[in-house]
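The letters A, B, C, D, E and F name the chains in turn, as written, and every chain counts its residues from 1.
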């Protein structure tokens, strides 16, 4: 199993969710985050003083999937989240040793 | 070392925290997240138009533990977070290569 | 590649960001979290009743780096985030199997 | 005025119940005016009235005709019946609003609506008529300028009855006697509420002079302002002393306590009387809130202490601090305030118990955890993280 | 008053556009007063006036001199020209504010500013002079006490024109006829806004008596209060019935609908007339909001329904519920309100279209997604997670 | 009024200091009324008064007796002493509130409380008596209608002294002259505050006519409204031009600047004088805020510029824009305003320095980072993520 961790532009979340549903991924966990990268933020002025908003709003989507689904999952996210403009985000694939569904005590692939 | 990542119902957090304390886990990090899964959300009406609240509030608990404690940790969380109703959440166990306590520069199991 | 996950005191974020920039790390993702650990929180009184604020505000910084940069990254964060007082936080290094830059489809080290 | 109550109550409770609280307050003020129009006003004021119980009828155009000749409460009336109507309707709605705060975060919306309508329409005019309708209290020489007992004591003790019937919020009182505070979600909202109430009180008390005599009105402004200020300071310092930190919510309750305390005698007490009334109200309210929490009466906003307890205190205080030329008997005041509060308590207890055994008064435990906003209204007060595309900022170039 | 509009509008829209909305409202009230001073007031009131179109001039000190002798709208004036000026300036600004709510979250700041200034300065005084400037409507016997048509109908239909020219917010109307609601970000803000408006309305309608006759003023207070309360209850129960849950935003719109409805006849309708006007306004407003959403007129705050539709209804209602002694013809009312609303619609349509083809009226799609606060002002309304060192709490010992 | 200050100040500062700010404001208004009652009022008004320094005594019932015969400030008094008392107490509290905004986010609660009490009780009545107590300024023919100098200039320069003693907030001024802005946490709160202040100002200025002459009062309403509107527009456009984006906080400061500017001459300047006073105030305030930031005077809400600088400007402006029949000398105005502001500055500097060397005036660096709400009150303004079971929504079936 892998944890596919995608950092995307917030307004793409709905499309990513739909793309994942289409390939049969039924669960995900979403966190509001701030991102810092090549997309450089903007300089604003507040009461005459400049400041930089470095950290831009992003959404992090954590999806646990079975090994065979990893490639499809990554592709689905990539397809849905891409605008082609800087700041589109990253996907990281992280190994999972074990998964448990709390409600049923199921473990392994069945828990996802 | 492993990172035990549990996504649970928010109102279960207090109980999970206590269950972890009991087995000697002294630290954890908590994030407010939104979850999407089999628990299907609810349809609401705002000024006459329907919309679905897909993403339900959840809490993500990250606990780093030494290898020997993983099983006990998972069990403790499972026990405390279970309501038996859909939406109870998941636990993922992820490998950690290295851990550091910033204050003391300790590394490895001692850092947790 | 590794995901360096650092939980730090919020007011240290700016310094950590600068320390990372200096060693050439160009991207990171930041989450507001609440931490529970040895630093014990504070007891407050609201309308006559005591309660404990157990969970203290922390910031979690996720940085994906190539293997050769891991040690430098950890050191940079350690250096910038340390106050020497309890509650300085932890750094966890987690393996990444694969990374993708959504905008360009680059994968591997080039995606970070 | 009701804006004040609505924001105070919303600020002192959890975000997940905010829409519910706002709807309740919109409802109460509205139903207060309407029921008062079609029944309550003519129930409360004399006419075919036996001195103890009142029967009402709709207000009609015949009641209109410039100056009105009804004389009530011993005061010659220098305002029109219409001003009086809108005033009294606000008072009536206030009584119900007080209850709303005390039962917040767990009461069923429908049941509360029925309760509030019945209270405003049938119960409030009865005690009101005892005094303002030339009833037996008026005959005894009872003095309650703008309703320390008739509005606030009434509301506070009705609230107490309801809280007893309803029980505390889930998770408030833990096993072993420990109290787990449930924090209000927005201190600015609560503060806005109290300041608006303070402002509104100038209107209530000033307006209750029922004339435009500038001497009277301005004296009432001063006593009202002084009592509120004294209540705030007293509660702030008492809470600082007792709980070690200056507690904003206690200071806010202290302002209201001072206002409720001065309401009965705003025109009848001495200047330094108003100062002392305010100070004592501020002290009382802190200890009263702690006391009710100790005996597991769960009142999220402190309404029972502020309105009920300080309402009684304020009524008695008229006799203690009466200025020269004002004759008020302590015993009469005591009888009057107890009669009113007891009647409110019993009536509310009966009505609310009937609702409890019939349609139920409490939301389910699930709904209480989830919040009444989703449960009863399907609406969140602050739907910020709703994760819809357009709810997001994006800074792509 | 404008505080009410500003907070209502801010609460009913998304957090990312809040600064923009606040700036617009600060601008409108300010420009309203200033343009009215240098042109509008003297355009609206008689002088060299042909009965249909008005030309203005700056107000001068010569206009000052204690009591004023202009008689307008059939009412002998017992207040000074200065009171009247500030009053009318507020009315004028209100008309522009109504538009602001309807075009929120997508209109370009600069274009809207120009539009609002032109509307207040040149257009509003024209229709205003038809009635309050002894124009042809006044001559016909048209009755509009405090502006159901002249202020609210005017604003509502100007808003409708602008929304048609501007188009809906991105993502509101999906393919296949589905409507995706865009939730307001703070219900407490919206509620504070409406309660403040209610309060302000007492001032507007009470003040429009243009005299201090306590009988008149207090009667107007009662009809105003009753209609608002009735509107709230009607909208609450209709929304409960129609959409299954009691919708706070509908109840809030119901209050405003009742207020707009009673504005034309606050002094001229019977007591139970005001009750019915309120009830019907509350019902109308819910269905009107649903209707406009169905035909893809995207009005985030419901301004077209509240002010436009209920403005017409209120104007007609004077003829229906007129109290004894008041002679108002239904046909005259119909002609008057349609003339005013149509003129407002056409004028707004023309001006806004000219702006559209010249400098543009809509922000870019990118900016709309990102929010107007960052796009137009570089300022966030709630910059809490700004991740600057000092914006953080740290609890280290 | 104080609701306005409280919400403005809370909105313009960080969320972690909100409870502290609200407590300070509750305290100031309360202590203002009480100290004014027991000392200040009778210190300020004539009696045994030497023309320069005043000694007070408690207000007594003997001071009450319907119409009062004191004549002060050259104006025959047509209101009762009580109305005047409550008015003057509000003015006095306002002066202290102005300071509160400037020292926010770092001042020790206890020390500030002592400072505010001393300022209101002993210092403010001294300068007040110079004018309103028939002192030497009154004798010179100094004109300050409702306190541009006596209230706002006084408060602004007291604030300046305190900020100098206290130093800037940590992290505001970086090495190398860079300024790091510390953003206010809620623009809606700040806007609500300013609109409420605008409303309150109508009350202050209107009420300061000290009579119910409708001609006078309504003229004052107009000049007040026009100056505020002009200030808003001027500040908005200047900030647009200077910092490229229309800055809401500058527009809000512009409204207040206009109001402060017109306060000295609201009844004495010409109509277009009020317009120009407002415009110039709005321009001044923007540059003044930028200037003070440049010289590292850290004033989170702009109080020094709004009240201090525009207070002086407004006082001088009376002489410049005086309407026919009003004789005001520029030199007298200059002497008067400088005397008052200088006295306020020096007195505040001395008192605050004494507090600094004795009990300290600044919270610890740790507490400043952590926020004063936790540090001084153990209470958060928005405890939403408090992670207690019942603070959570759960949507399980």
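Keep this in mind: contacts are C-beta pairs under 8 Å (C-beta built on N, C-alpha and C of every residue); 3 or more make two chains touch, one makes a residue touch a chain.
Predicted, not measured: the structure shown is a model, and the values here were computed from it.
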{"item": "Distance in touch steps, counted as few as possible, from subunit A out to subunit E", "value": "1"}
{"item": "Option reproducing the contacts of C-D, where over half of them reappear, out of A-E, B-D or B-E", "value": "B-E"}
{"item": "Same or different contact residues where subunit B meets its copy subunit A, judged by the half mark", "value": "different"}
{"item": "Geometric centre distance via CA averages, subunit C-subunit B, whole Å", "value": "18"}
{"item": "Subunit C and subunit E: spacing of chain centres that average the CA atoms, whole Å", "value": "50"}
{"item": "Separation of mean Cα positions, subunit F and subunit D [Å, integer]", "value": "33"}
{"item": "CA centroid of subunit A to CA centroid of subunit F, Å", "value": "50"}
{"item": "Sequence positions of subunit C contacting 2 or more other chains", "value": "11, 30-32, 34, 42, 44-46, 51, 53-55, 83, 85-87, 94-95"}
{"item": "Sequence positions of subunit E contacting 2 or more other chains", "value": "180, 183, 186, 192, 245, 247, 249, 369, 374, 378-379, 385-390, 392-397"}
{"item": "Parts of subunit F lying in touch with subunit D, wherever the complex brings them together", "value": "2-3, 6-7, 10, 18-19, 22-23, 25-27, 29-34, 37, 58-61, 64, 66-67, 79-80, 82-83, 85-86, 89, 109, 186, 189, 192, 376-384, 386, 388-397"}
{"item": "Of all residues in subunit A, those that touch subunit B in their complex", "value": "1, 3, 17, 26-31, 64, 94-103, 105, 111-112"}
{"item": "Touch list for subunit D against partner subunit B, complex", "value": "369, 374, 378-379, 385-388"}
{"item": "Contacting residues of subunit F [partner subunit A, same complex]", "value": "179-181, 183, 242-245, 247, 249-250, 289-290, 293, 302"}
{"item": "Touching residues (chain side subunit B, partner subunit E) in the complex", "value": "44-51"}
